[in-house]
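In the two assemblies presented below, subunit A is common to both, partnered first by subunit B and then by subunit C.
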Partner chain A sequence: MAKQSRRDFFKTTALIGSATVGLANSAKASQKNALSEDRAGVLVDTSVCIGCRKCEWACKTVNNLPTDPLEVYQDRGVFKKHRRPNDKALTVVNEYPNTTSEKFPINVKVQCMHCDKPTCLSACIVGAFSKNENGSVVWDTHKCIGCRYCMVACPFQIPAFEYEEALKPDIKKCDFCFERTAKGKIPGCVEICPVEAITYGRREDLLEAAKEKIKNYPNRYVNRIFGEHEVGGTSWLYLSNRQFEELAFPKLGKDPAPGVSEAIQHGIFAYFVPPVALYALLGGVMWLNKNKKHTDAENES
Partner chain B sequence: MKSKVLILLLTIPFFVYAQNKLSKQHQTQALNCKTCHSCDIPTKENPCIKPCPRERLITIEQTPEDAPAVLTIDKLKKQSDIYAPVVFTHRLHSEMAEIGGGCGMCHHYNPPGNVVACSECHDEERKRIDLSKPDLKGAYHQQCINCHRGWSRKVECESCHAQNDSVKKATKTTEKGTEKKRVHPKVKPPEIVKYDTPKTKGKVVTFNHVDHVNTFSVSCNKCHSNESCNKCHAKYKQVSISSRSANEKHTSCSNCHNVKVNCSYCHKNTVAAPFNHKTRTGFDLDKNHSKLACVRCHVEKGKFTGLKTDCSTCHGTWTKENFKHSVTGLLLDEVHADFECKDCHQENNYSNITCKNCHEDITYPKDKPGKMIKNRQTLAK
Partner chain C sequence: MENHKPAPVYTKYFTPVVIVLSVLALNGILFLIARFVLGIGAVTNLNNQHPWGIWIAIDVAAGVALAAGGFTTAALGHIMHKDQYHSVIRPALLTAALGYTFVAASVMIDLGRPYFIWHPLLMWNGTSVLFEVGICVMIYLTVLYIEFLPIVTERFIGRVNLPGFLKKFNQSLDKLLRVLDKGLEKTMFIFIIAGVVLSCLHQSSLGTLMVIAGPKMHPLWQTPILPLLFLLSAISVGFPMVIMESLLTSRSFKLKPETPILANLGSMVAPLLGIYLAFKIGDMVIRQTFVYLTEITTESVMFTLEMLVGVIIPLRIFLSRGLSKNPLALFIASVMVVFGVLLNRINNFLVAYTPPYEVHSYFPSFGEISVTVGFIALEVLLFRFFVIHLPIVSVPDTSTSPKTKFSIRG
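This part shows the complex of A and B:
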C-alpha cells in the first residue's frame, strides 16, 4: 500500500468502482494507533527561546534542504516580518515585542504541530497523510495527487507546496524527523537548541513538566499549555508568558477539526443520500419540463 | 565464613563514619530533612532528592577567592563539533555576582556543604527521562545568555565560543593564562546619588548611599538583588525613568520609607545634607550611641519620630546601685561613689554636672570626682 504509485492508485480506484467507499476506508486506515500513550511530543517554552534561529539551520541540514552557512542565521533583521514555514524552510522563528521588558523580545518557533487528530489527514482524498504511533504526522509523496486540500484544511496553515517545481512538486512540512527518531535520535531542531527551549519527550511527561513549571512560576507563565486541548490535542506543546493570541497563535476550539467535516461527510453523505436526492431532484425537474414541453407543443399544433 | 564476618565488622565503622561526616555538613545548616528529601530515610545510594525548586532554597556563601579562577567548560565537547569549549572566567563572574546575589545567582538550589557543579543535577544527555529541569547544555546556556543578552542584546555564539573549523579560531584569545589575570575592579560605592525628578516643586531627591550603608546598616542586597551588569555598565541605557510608573520609581525607597505621605521629606529643591542625628532630631549620637543599630532605640518598626531625648526613655531610671559609673570613663572615688545620682546631675539631665551642692570653689570638668580610665566597660544592657 505504501509503495503505491499514482497510476496504481487510479487503477485501484477505478477497479473498486465505488470511489467514495474505497477512499473513506483508506483514509481511516492510515491513522494507525494514533493515540499511543507513549507518543512523543515537544514542549516549546517561548519564555526561554532566545531567537538564535539555530533550529532553522538544523532543520534544513537534516532535511537536506539548501541552506546558508550558520553565521547568516545571526541576522535578526528577518524578524521584521512574521514568516510562515514554506517549502524551503519547514520551521521558522518569529519575534514579538515584549512590552514589559524590551530587552527580551519573545521568540516563537513555528512548525507542524503534529495534531492528534490531523485535519490534513482527514482532508486528503487519497490518503497520502498518516498519523504514526510515535505522534508524527507524515506525508507520502507516492500517493499525493497535488490537490493541496491539506493546505486549506490545516488550522495552522503548515503544509507548503513546491510551486516552483513544475514536474514533481511535493507537499513540504515538518515530519517530526521521522527517520531520525526511528533510529533513536531526537529531532534536529531539538538537538541543536542551545538553551533547550524545545524539550523532546513523552507527550504525557511533557504535559506534567509544563504543569509543574506553571505551578512553580505562576508569575512567569500564563496558565495554559497551547496544544494540550487545541483541536483535540497536538504533539507540539507551547508555554508562554503572554496570551497566545498576542503571539499570533490561532484561536482554536477544543474539538478536533476533522470532527466537523467528517460528521458532515459521514452523516449527510451516508448511503449516497445527497447524490441520490440531487439526481432525483434533477430528474424530477427534467420530467416536469418534458411534460410541459409536451403540452406546449400539443397546444401549438 | 569467619573472614566474611570480619570484613563486615571492619566495614561498619566506615559507614558510620561516612554518615557522620555527611550529617556534620547538614547540621550546620539547621535544615528540615523534608526540604530536600522525599523519603523518610535517605541513603547515599537512594538520596530521594526532591526536584527543584524546593520549597526553601538552600544555597551557600563563599568568597570569590575560594572558587577556581578560570574553568574550561568542556563537558559537552563530544556533543558539538561546531564550537570549541568555553573558557569561563569564574573568579571574574563571582566577583560581579557579589553585589547581585552571590554564588546562588548561578548555583541555585545548592545542597548544604560544597558548591556543586551544574552537571551534578543537569543531565548531559538531552534525550532523558527527567524533563523537569533543562539538560546540561540548556542549563549552561540559559545561565549565561539571560545575563549576556540583557547586556549586549546579542545572542551570537562567538561572544563565548571559538568556532572549531574557522579562521576565527586563531583570533579568539581565550587562553587560560590571560583569562586568569582578569579580575573585576573593586566596586566603589557612590557617596550620594542625586535624582532629578520631573516634579516642579522639590525636583531633587538625594539618596545618601554612605548613610544607608554605614549609619543605617542597610545590607547591600536589601536594595541590590539580581542585578545584571548593565545596572552599572549601561551599554544600552536602561528603560528611561519616565516610562516607569510612579509606583515602580518609588519601589527602592518604599520598602523602608512610607512614600505615600510627606513628599518633601525626600523631594527637595537642592541636594540634601547627609543625615545628622543631632541637627535633624536634636539628640547627639555621641561616642556612646554612634555604634548602636537604629532599632535599639527606635523599637517600633518603621517609626523613628516621637522618641524623647531623656536617657530614661531607653535606659529606665538609673540609681547608684544599677549604674556602673565607670562606663562613662570616669571611675568615681570612694567618697563620690556613695552619692545619689541627683547630687551631681540635676533634673535627670546627665550631661549637666554640678559640684555646687557640696563644693564652692570646684567646677567640673576642671576638677574630677575620681579618675579617668581608658578601658571603659561597656554596659551589659
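This part shows the complex of A and C:
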C-alpha cells in the first residue's frame, strides 16, 4: 500500500463518498407510516366484560389455531393465574378483584394494542411489520428472519415466537383480523362478545363515545382512556373503573416508544455525513502521517 | 526490529489443552445439531418474556466488542503510521476475522429462520438499529477478509502445491494470488479506513440496540448515550485484548513475549479507560441513577462488579509505573478489562432487561452455555491452526533463505 499517488487517493475516496450518499437517499424512502383519519379501533369497556372468554375461543377459531370446544371456556379456574397472549392464544382474558364491589370482578382482555407508532415496526430489521390504513399492525411471514428484536422492543410484551418450531417459526400476534375486516366483517372477538364489552369502529368515534361515557357516569369510570395517548396512541382503547396500573397495564409515557432510538439512529446517520466525514478525516490523517514518514526517511538518509 | 518478521510457527498442533478444547467444541456442536433439529425452544431457556439470551449477549455483543483489537491496531499501525506496533497487527487482525466470523455464525444459530439471513440486504428498514448493525457487520466481515488476504498471498505465492488431480490448477491459482496481491497493495488503504469507520458505526449502534427497550431496561444501564459508551468501551478493550492474546500466544508457542511493545500499548489503555469511566460516571450523576446503588439487588451488584473489576482496578494498574518489566501485571490488568467489557455486554442485554410481565428470570440452559463455550473453544483452535500455518506471529528471522516474496515461481 506504499505506492499510492495523492491524486489516486482523492479519486477513490471521492468515489466511495458519493456511493454511500447515493445509498442514503434510497434508504430514506423505504419507510411509510400512513395513518388514515378513518382508521379503525376497538373500545374495550372492562366494566362491562363478564369474563366469559368466548373471545378467546373465537380468536383461535378465526385464526385456525387448535382450540378446546367452547364449553371448556366456561371454566373460571384459569383466572387464578394471570396469563399472557402467546403463540397458541393471541388474546387472553385476565381477572382482577374489584375494590368497590367484590361480586363483580374486573376482567381485562389482552392482545396486541396496534400502536399508531408501532415499536415493532421501527425495530424490525427487515421491515416485516406494517401499519395499515385501517389501523392494524400486521406481520409479514415472507420477510421475517426470526431475530425476535420486535419482542425486545414491544412495550406491551406482545409478539410471541414459536420456540418449538425448528424449521419455520412464526412471530404470532393479533393482526386485528386484517383479512376479515378487508372483507367488511368485524374482528372475531368483537363479533362473538355477548355483552358488547368490545366495540369495533372508527377510532375517532370510539374516543368520542368513551369520553361521553366518562362524562355521563363519572362515578363508574376512571377519567382516562388507556390508549388515547400512550406511546403516541393505540388503536385499541380501554375504559376502566379501576386505575389501569392496578390492572397490570404497563406504565408508559405519551411519546412514541421508538422515539429516542430513532433520533439517535438518524443522528449518527444524518444523510451519511458523519460516517463520510470520519472516513475523510481518517484518510487525511493517514496521508499526512505517511508523508511525514517519507520526509523523515529522506532527512535521515 | 529488522530481524523480526511474521512467519508460520512450526510446532505440533495437539497438546493437552488443545484436546480439552476439542472436546468442548465437540460438545457445543452436538447441542448445535439439537438446536437445528428440534428448534430453539428445545435447547435454550428462551421464551416470550426473554427473547434474547447469551447467544446474543456473549457470542454477538461481547464478541463484536472483543474483536475491536482489529480496528484499533489498524488505526494505530496503518492510519497513525506507528510502525513499531506492526508485529501486533496481524494477530489482532486474525482475532478480529475469527471473532466476526463467529459473530455471524452465532447470529445464524440464534435466528429462527437462518436461511433468510440475506433478507436485510434486500429488505431495508432505515429506522431499525438492528438493520444498521447487520449491514455494517456484513460489510466489515468482508473488509476483514480482504485485509487478511495479503497474509494468505504472502504465504502461498510461489508455493501453491495442490494434491492429486488438482495439480493442474497450481499455475492459475498462483497467478490469481499474484493478481490479488498486486491489486490489494494499491487499494488496501481504502479497506483499512473503511474498516475503522464501519467499526465505529456498528460498535456504537450495538449500544443503540437496547435503547428501544425503554423502561424494560434497568435505569443503571438505560441511557441515550449507550452508543457512545459502547464505542468507548470497545475502543478501550481493543489493546487489552491484543495484550492478553499476545501474552497467551507467546506462552503457548514458547516464544519470547513482546513485553516492551505490549507495555507501550498498555500505556494507551489508561487514558481510554479514563474517558470511558468519566462518561459512565457523568451519565450516572446527570441521570441520578446512583440511587439504585444504595440497595443490594442483582442489578446493583452486577453494575458495581462491572465498574470495579472491569474499569477502576485495571485503570489503576495501567497507571502504575514499571509495567514494561512486569508482564504478569500487564496480563492481569488486560484480562480484567476484557472481563469488564464481557460483563458490561451481559449486563446490558440480559441483567438489565426485565420485561413487564416477567414470570421467571432468565438463566442460560446447559445447551446454551455448551454452544457458547464450544464456539470460544473452536475460535482458539482455529487461531492456533492459523498461527501454525500462516505468517501471523512475528518470530526472530532465522531462516537463511532470501526474501522470497516474488522470487520463486511454482
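Everything below uses one rule, namely that the second predicted complex is superposed on the first by the 235 of 301 C-alpha atoms of A that agree within 3 Å, B and C clash if a C-alpha of one lies under 4 Å from a C-alpha of the other, contacts with A are read in each partner's own complex, and residues count from 1 in each chain.
Going forward, a contact is a pair of C-beta atoms (placed from the backbone, for glycine too) under 8 Å apart; a residue touches a chain by one contact, two chains touch by 3 or more.
As the structure is a prediction and not an experimental result, all values here were calculated from the model.
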{"item": "Partner chain in contact with A:Cys55 - subunit B first, subunit C second, else both or neither", "value": "neither"}
{"item": "Superposed model, subunit A: greater residue contact from subunit B or subunit C", "value": "C"}
{"item": "Touching partner for A:Glu212 - first (subunit B), second (subunit C), both, neither", "value": "first"}
{"item": "Partner chain(s) touched by A:Val93 [first = subunit B, second = subunit C, both, neither]", "value": "neither"}
{"item": "Partner chain in contact with A:Ala153 - subunit B first, subunit C second, else both or neither", "value": "second"}
{"item": "Touched partner set for A:Glu102, first subunit B, second subunit C, both or neither", "value": "first"}
{"item": "Which superposed partner A:Thr119 touches (first subunit B, second subunit C, both, neither)", "value": "second"}
{"item": "First (subunit B), second (subunit C), both or neither touched by A:Gly201", "value": "first"}
{"item": "Shared contact residues on subunit A - subunit B and subunit C", "value": "none"}
{"item": "Footprint of subunit A on subunit B - complex, ascending", "value": "51, 53, 82, 126-129, 131-132, 134-135, 137-139, 141-142, 145, 149-150, 153, 155-157, 236, 239"}
{"item": "Subunit A residues within the subunit B interface of the complex", "value": "43, 48, 50-52, 70, 74, 102-104, 184-186, 190-191, 193-197, 199-201, 205-206, 208-209, 212, 216"}
{"item": "Residues of subunit C touching subunit A in the complex", "value": "36-42, 44, 46-49, 51-52, 75, 78-81, 83, 107, 110-114, 116-117, 119-120, 123-132, 134, 185-190, 192-194, 196-197, 200-201, 204-205, 208-216, 224, 227, 353, 355-357"}
{"item": "Contacting residues of subunit A [partner subunit C, same complex]", "value": "1-4, 8-9, 12-13, 16, 27-28, 30-31, 82, 84, 86-87, 119, 121-128, 143-149, 151-153, 155-157, 159-166, 168-169, 248, 250-252, 257-258, 260-262, 264-265, 268-269, 275, 278-279, 282-283, 285-286, 289-290, 292-293"}
